[in-house]
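Two complexes follow with chain A in common, the first pairing it with chain B and the second with chain C.
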Partner chain A sequence: MKALLAKKWFGPLVALVVVYAIFLVLRPETFGRAATLLTMSQQTVVVAIAAVGATLVIVSGGIDLSVGSSVALTSVVVAKLLVRGHGPLVAALGGCLVATLCGALGGALVARLKMLPFIVTLGSMSILRGAAKGLANEQKIDAPARGLETLLQPAAGSLRPPTGVFLAIAVAVLAALLLSSTRFGRHVFAVGSNERTARLCGVPVERVKIGVYAIAGLLAGLAGVLEFSMLTVGDPTTAVGLELEVIAAVVIGGASLSGGEGSILGAMIGAFLMTVIKTGATHMGLPNWVQEIVTGGIILVASGLDRLRRGSATS
Partner chain B sequence: MLVVRGVEKHFGATHALTGVDLTVAAGEVHAVLGENGAGKSTLMNVLCGAFPADAGTVTLGGARYAPADPDAAFRAGVAIVHQELSLCPRLTVEENLLLGDESTRAGFLDRRRLRERAAAALARVGSTTPLDARALDLSPAAQQLVEIARALVRGEPRLLILDEPTSSLGADDAERLFALIGELSRAGIAILYVSHFLEEVKRVAQRFTVLRDGATVGTGAVAETSIDAMVTQMAGRRVEELFPRSEHPRGEPLLVVEALSGSDKPLAASLVVHRGEVLGIAGLVGAGRTELLRVVFGLDRVVSGEVRVGAWRGPRSPRDALDHGVGLLSEDRKGEGLAQGLSLAENLALSRLPSFVRGASLRATAQRWVERLGIRAGSVDAPVSELSGGNQQKVALARLLHHDVDVLLLDEPTRGIDVRSKAAIYAEIDALARAGKAIVLVSSFLPELLGVCDRVAVMCRGRLGEARPIAEWTEHAILKEAVGA
Partner chain C sequence: MPTRRQFVLTLGALAACKKSGTGTLKIAVVPKGTTHEFWKAVHAGADKAGKEAAVEVIWKGPLKEDDLKQQIEVVQSFTAQGVNGIVLAPLSDKALGASVKGAVAAKIPVVIFDSDLQGQDHTSFVATDNRAAGRLAGDHLAKALGGKGKVVVLRYQEGSASTANREEGFLEAIKKSTGITVVSENQYGGATTESALKTSENLLSAQNAATGGVDGIFTPNESTTFGMLLALQKAGLAGKLKLCGFDASDKLVAALEKGEIEALVLQDPFKIGYLAVKTMVAHLRGTPVEKRIDTGAKLVTKDNLSSKEVQDVLHPPS
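Up next is the complex of A and B:
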């Protein structure tokens, strides 16, 4: 039990169960149905995949504000490639490649020029959004989805989740293994916990940082592909503010913005929790502003509780 | 003017001050002498209100003086210029001078008044720095003058404390500073001059007080005391500690450093350390000993010179150094040596992780070292911050042992740790030497250097002296070379 309490994701899990239970009591006809669960998982996929990348960045002591723009740019690139007659796989890989390169470039600025991650990604947030709009001539690009749309759309009437959900789970599991069981993962924690110690111990700090931002870029790209699959158009104005939702998910999941702490499972729970609140509020007929306040409150309570817990642990 | 009687200060179990007496007259330049860790800084911090004394009395101009905070000290007429330059780099000279004491009129800054006061203070110290220059653009000497001007800007202090004021100055700038000190003391300000450099003390001070192990051990007139006599008082005799020393025959040369210079320090340092040898490096704080180790390890930039271990010439980076069997134990255990948020096991294995990490094997490895070094820890999974200082240091040392380096660069390995952990670390150093490792030990604790090392070299102002066998050294001789006498 004590070991369980020490887990970063335990608190958020309790919050998720409690919130879900409340909605289950209030709206059993909605929250008791598997179809609702399915819809909610679908709606979480984009945030969840992006949150995996953001967890790596935040654990390494950084931050990535460019996620939303990167998703939009990817959706445009995918649409463009499809319009030109490329296959769905080429289009998806092309989109991911662009996003990965953008991430790696930002990582290089952070690692080599020692620029602040907040500033670098604030810049790339604006640059990528602009690039997406320019590339799309400030319009939505209609494209033949050629099967990509099935990634996030279940077969009608079936309760089998769409491929995208499994994709998100696979990404999360792989990333969790990467963080916990590889040298690279330990190095990410070490850099975030104390960069000077990491350097002293021969950790290639710069390479770790560039790697982390490149992976975050790749996953933002993957999220962008799924965004395209949901919209079936390339939309340069989509996913505005997504980065904040993603960061919220990671923080609710027990990560510390000062680095060295965080968990993939926690971030996944955080992302799902926010979807549950959204869905619940909608089904209760509560206006949008109520769900925004509740989400904000949960962020504050989550990090406040964490602070208290750590305060009592050290004193 | 200032009378200190029986002042004591404890930090937990550490007795930083155990009975300090000090008397300073108005218009006198009074030097406070002592080795590293003798209690000089603690005393200055008590006097400038950084923390209160636990026992004893201080009077200033006949009235009881117990400042609650630095601001209260300032208002009572005590100003301090710290050793480290402490200007806000991005603020202008004027803003720095009046920080915390801005003149206002009706709630708004009174710009003309601010400018007048700042200009007057700068003129008082003979500085020609423009008021609008940013602090970060100034030379260390110019910054030093601004710091002193800041001590004068709120009106003439009664007591001015200068803590190692020449440590960042060149010879010419130091001369100008001495002239200014003379001028201020003639104006009736009492000056407490804290310095390691006895030649300087000879030049500027009239009287001196020597601290050792937190207590006053002597006082006198500078003119009537030789530098030699001052050194003797500073070194004194100490409680003997247990330094296990077994036979460890000296093998072939392992670490060779040739004319190595860093960006500031060291300056053309050369040394050779053999297998089975412990080489000690003595010197004062700021002499460049830490910088020497960092450059050798590849943490700081090599400007010129070379480091060799066998056929390897380096280092290009800490990784490179570690790959070739050179490891560094940082003097800054909290800030650099250990990642405080990570567990004992993670810290221990950090420099030598396999590509795929299994938690179980990580813990098993850590458990082995915990037993071997007698590290007292609740669990190898607990954050390393929960351990005591001595046990933390053992973890940092265990990391080098686990990495199995051949050359160990140990920077103040026993600073701030308990006696039992110290003894354990001395025993480990001895065992390593016996196993044929080469060890460089930087320490400010002279009995430790004399007790553990086979040879000792002294560093002074960035230059490394000749390494001589331990039999040729005494505490007195080391101190003398360290203060540049």
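Up next is the complex of A and C:
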């Protein structure tokens, strides 16, 4: 029991179960449907994949505000490539490549020039958003989806989750293994906990940071491909504010914004919890402002409880 | 802003979770946003139609004004929830297609309102003819300027079909006057009044509006019109340039009375919401409905502001 309590993801999991149960009791006839669960898992995919990258960044002591812009840029790049007649795989890889390069470039500024991650990604947030709008001629781009749309849309009437859901799970598992069982993962934690000590111990801090931001870029790109799959248009104005949703998921999942702590599983639970609130509010017919207050409250309660838990653990 | 009654109702729903699963039809109405005055009037119209027909109207827009992905999610949620019908104002004429297809496949009919959607899955399309409404503004501004001068168009947002049609209709009409040049038509005001205000200020200074670089302005919706009006007021230019806007709010009407706005093209948002829900109810109860229902537009100037038909649109009977 004590071991369970010590897990980062345990608190968020309890919150998820409680919130889910509340909606289930209030709206048993609609909230309990398999179709609702399917819709919710689909709607979590984009935030979840981006949150995997953000967990790495936050554990390393950084922050990434450019996720939303990166997702929008990727959706535009994918649409552009499809319009030019390229296949879905080329389009998806092209989108991911652009996002990865942007991430790595930001990482290089953070690592080599010792610029603050907040400032660097605040800049790239605006640059990438502008680039997306420019590339798209300030319009949504209608593109033939060529099968990419099936990544996040289940066949009508089918209850089998679309590929994107499995993709998100695979990404989360791989990243969790990367963090827990590889030298790179230990280095990420070391850099985030205490950069000077890590450097003294011979951790290649610069390379670790560039790696972390490049991976986060890649995952933002993947999230962008899935965003395109959902929208079926390249939309330069999409995902405004996504970065905050992603950071909220990671924080609800037990990560510390001062670095060195965080859990992929926790972030996944955090992302799903926010979708549950969103969907539950729709089923209850609650107005949007109530939903926003509830989501904010959950963020405060989750991180507040985490503080208390850690306080009692150390005393 | 929510009224106290709404607040109490909401708390009531939270605490006790009132009735569910009764025999009344449940119709979900999904607007593009919930904070513009325009959508509040649509909401009132939808509610009135709901009351008259004794059906439950669930009003739910995207959490962030004009967020495409969140609107898709809302439609998906209502589909999974299994409402009887969905009335939708799509933020993109293409991107909502798959969700509408999904709803129709789940035997939930969809009525599209305000902005069009590609494809044939929806039951009916209830809206203003936006291109004609834009032409109305263009013809009037051309006349008000005496057929000559420099005109600026502040567009609304990339990819919004209804406002793009108004902009095109306006340009079509204004370009008929050879004495009029359109000096700027590629700036977008964005989703909020704040962003529209900033863009307006930049636009006015870039075109030297203070020294006669602009004679007339067209703005295609409430937030761009209000943003432009604020920018004109700040620059001391309100009333000196002829601003032709779209939609109405108390502040816009007051500015029209003061002569700071030359004309407003009004859609009838109350009627749009009302007819959209009525159409859905008729369809659900087995009455055949028209594929396209035009809700009309009206040009309002200081002269006809006090007429009864304009006042009915401004202050809908509820």
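Going forward, the second predicted complex is superposed on the first by the 315 of 315 C-alpha atoms of A that agree within 3 Å, B and C clash if a C-alpha of one lies under 4 Å from a C-alpha of the other, contacts with A are read in each partner's own complex, and residues count from 1 in each chain.
To be clear about the criterion, a residue touches a chain if its C-beta (ideal position, glycine included) is under 8 Å from a C-beta of that chain, and two chains touch if they have at least 3 such contacts.
Computed from a predicted structure; not experimentally measured.
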item	value
Superposed partners chain B and chain C on chain A - clash or fit	fit
Three-chain overlay, vertex chain A: chain B-chain C angle, C-alpha, nearest 10 degrees	130
Touching partner for A:Thr197 - first (chain B), second (chain C), both, neither	first
Chain B versus chain C as contact partner of A:Thr279, first or second or both or neither	second
Which of chain B and chain C A:Lys7 touches, first, second, both or neither	neither
Partner chain in contact with A:Pro287 - chain B first, chain C second, else both or neither	second
Partner chain in contact with A:Thr238 - chain B first, chain C second, else both or neither	second
First (chain B), second (chain C), both or neither touched by A:His86	neither
Greater residue coverage of chain A in the superposed arrangement, chain B or chain C	C
Three-chain overlay, closest Cα atoms of chain B and chain C, distance in Å	31
Chain A-facing residues of chain C, complex	2, 6, 10, 13-14, 17, 20-21, 34, 58-61, 63-64, 67-69, 72-74, 76-82, 92, 94-95, 97-98, 101-102, 105-106, 157-159, 186, 188
Footprint of chain B on chain A - complex, ascending	180-183, 185-187, 189-190, 193-194, 196-204, 260-261, 314
Touching residues (chain side chain B, partner chain A) in the complex	299, 317-319, 321-323, 328, 330, 332, 335-342, 346-347, 350-351, 353-359, 385, 399
Chain C-touching residues of chain A, taken from the complex the two chains share	26-27, 29-30, 33, 35-36, 38-39, 42-43, 46, 133, 136, 138-140, 142, 149, 153, 156-157, 227, 230-233, 235-241, 278-279, 282-292
